[in-house]
Amino acid sequence: MKIAIKLFAGLRDRAGTGDLSVELDDGATVADAIDEAQRIGPRQWTAPTSLMAAVNNEYVEFSGVLSDGDELALIPPVSGG
Amino acid sequence: MKIAIKLFAGLRDRAGTGDLSVELDDGATVADAIDEAQRIGPRQWTAPTSLMAAVNNEYVEFSGVLSDGDELALIPPVSGG
Amino acid sequence: MIIITDQPLVPNTLTNAVRDDTDGAVITFEGVTRNHNDGRGVEYLEYEAYRPMADEKLQELIDEIKDRWEIDKVAVAHRTGRVDIGELSLVIAVSAAHRRPAFEATLHFIDRLKEVVPIWKKEYFEGGEVWIGDPGSEQATA
Amino acid sequence: MIIITDQPLVPNTLTNAVRDDTDGAVITFEGVTRNHNDGRGVEYLEYEAYRPMADEKLQELIDEIKDRWEIDKVAVAHRTGRVDIGELSLVIAVSAAHRRPAFEATLHFIDRLKEVVPIWKKEYFEGGEVWIGDPGSEQATA
């Protein structure tokens, strides 16, 4: 299945892109998608321990199972306000 | 000595005046001035238990001793804001 | 900045007075005449102030919160006379580097204002009038 | 009212949006770019938002504080892009019958915003830049 990944702020800077698309087997989790994104990213990058993830605008656990067509956002520490 | 007394809000309404002038002996206290004001006021009025007093813009105890020319303000519960 | 006036209050005047490039947080609080109190309809309020004591006490409260919290500037305005529904009786603006002391100081300021500043509020409700805090003063409308 | 925009924020728009004749208290909070942070001079900030998730999370926070406190209306605006010293990045207006819940709810809203709303702040300081909350992102000015 195909998952669109968005990267933000410092994470985007490290990865060298704000948008990735990964191909994963059915049943793949958020953690699997992050691993794959790190593998294919234009630059080498490491997910910080404080990373959060959201699928279709809702925060999810890294163990959450993805569905074809999901948009997965990788969210480094937020700092609005 | 001569003490100017100012009355406010519900207290002024009850006393029928916002300004009184009382003659007191030297050494008289705030409490003495209040007693005298109640005696001479155009209407009979009673000081509420929650009454506060200020002399020359500072809160004072009822036992405080007055000086000639003081302005004594009788302050019912405040309710600004 | 301390203003006691019988004219309508203009919050922007106070907010702009406390702004500073060192401040990351600016709070503006407005006290407004609302159309109900104690379960009955309010028609309007009327405020009376004992000046200059009210000005002095407001200045003391500004000093008090500046001593106690890490805040920068404070501006306060209180209206006197008739204040209709939806109109402002009180405006306080506080600036600070950080938000939390600004919130705590502003709330404390209002709490203290209602304890020590010689300003009184008369409520004109449906059918009567009363000095707030002085229930014995209640009377039916003449 | 929820606004996320790259244009300057206008606090009066939000304050006026929450006014109601039932409300005796209106708070307007402004988050402002200040000229210092962590002991060094700040030149400007740059905000990035992940939309529409940021809008949805702001709406959830409005619902959260309305559930928890006796408040009436809430309006919030966040700016994106470059925000210079003294300019506003965040405005929140909250109305309520009484002041205390308005204060508590507003402060809670900002605390939560900084936890869950996907908006990021990049600080351009003297000699470098850093995404706030992500110290590993710091780099010297190119």
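Which chain is which? They are A, B, C and D, in the order written, and residues in each are numbered from 1.
In this section, a residue touches a chain if its C-beta (ideal position, glycine included) is under 8 Å from a C-beta of that chain, and two chains touch if they have at least 3 such contacts.
As the structure is a prediction and not an experimental result, all values here were calculated from the model.
Minimum number of contact steps separating chain A from chain C: 2.
In this assembly, A is the chain whose CA centroid lies farthest from the centroid of chain C.
Note on chain placement: the centre of chain B and the centre of chain C lie 26 Å apart, centres being C-alpha means. Mean C-alpha positions place chain B and chain D at a centre distance of 50 Å. With centres defined as mean CA coordinates, chain B is found 73 Å away from chain A. In chain D, 31, 110 are the positions where the chain touches two or more neighbouring chains simultaneously. Residues of chain B in contact with at least two other chains: none. The list of touching chain pairs reads A-D, B-C, C-D. Those residues of chain C that touch chain D in the complex are listed here as 11-12, 15, 19, 21-36, 85-86, 97, 99-100, 103, 106-107, 110.
Those residues of chain A whose C-beta lies close enough to touch chain D in the complex are 6, 8-11, 13-14, 48, 50, 54, 57, 59, 73, 75-81.
Listed in rising order, the residues of chain C touching chain B in the complex are 31, 47-50, 52-54, 56, 78, 89-90, 110, 113-122, 131-134, 136-137.
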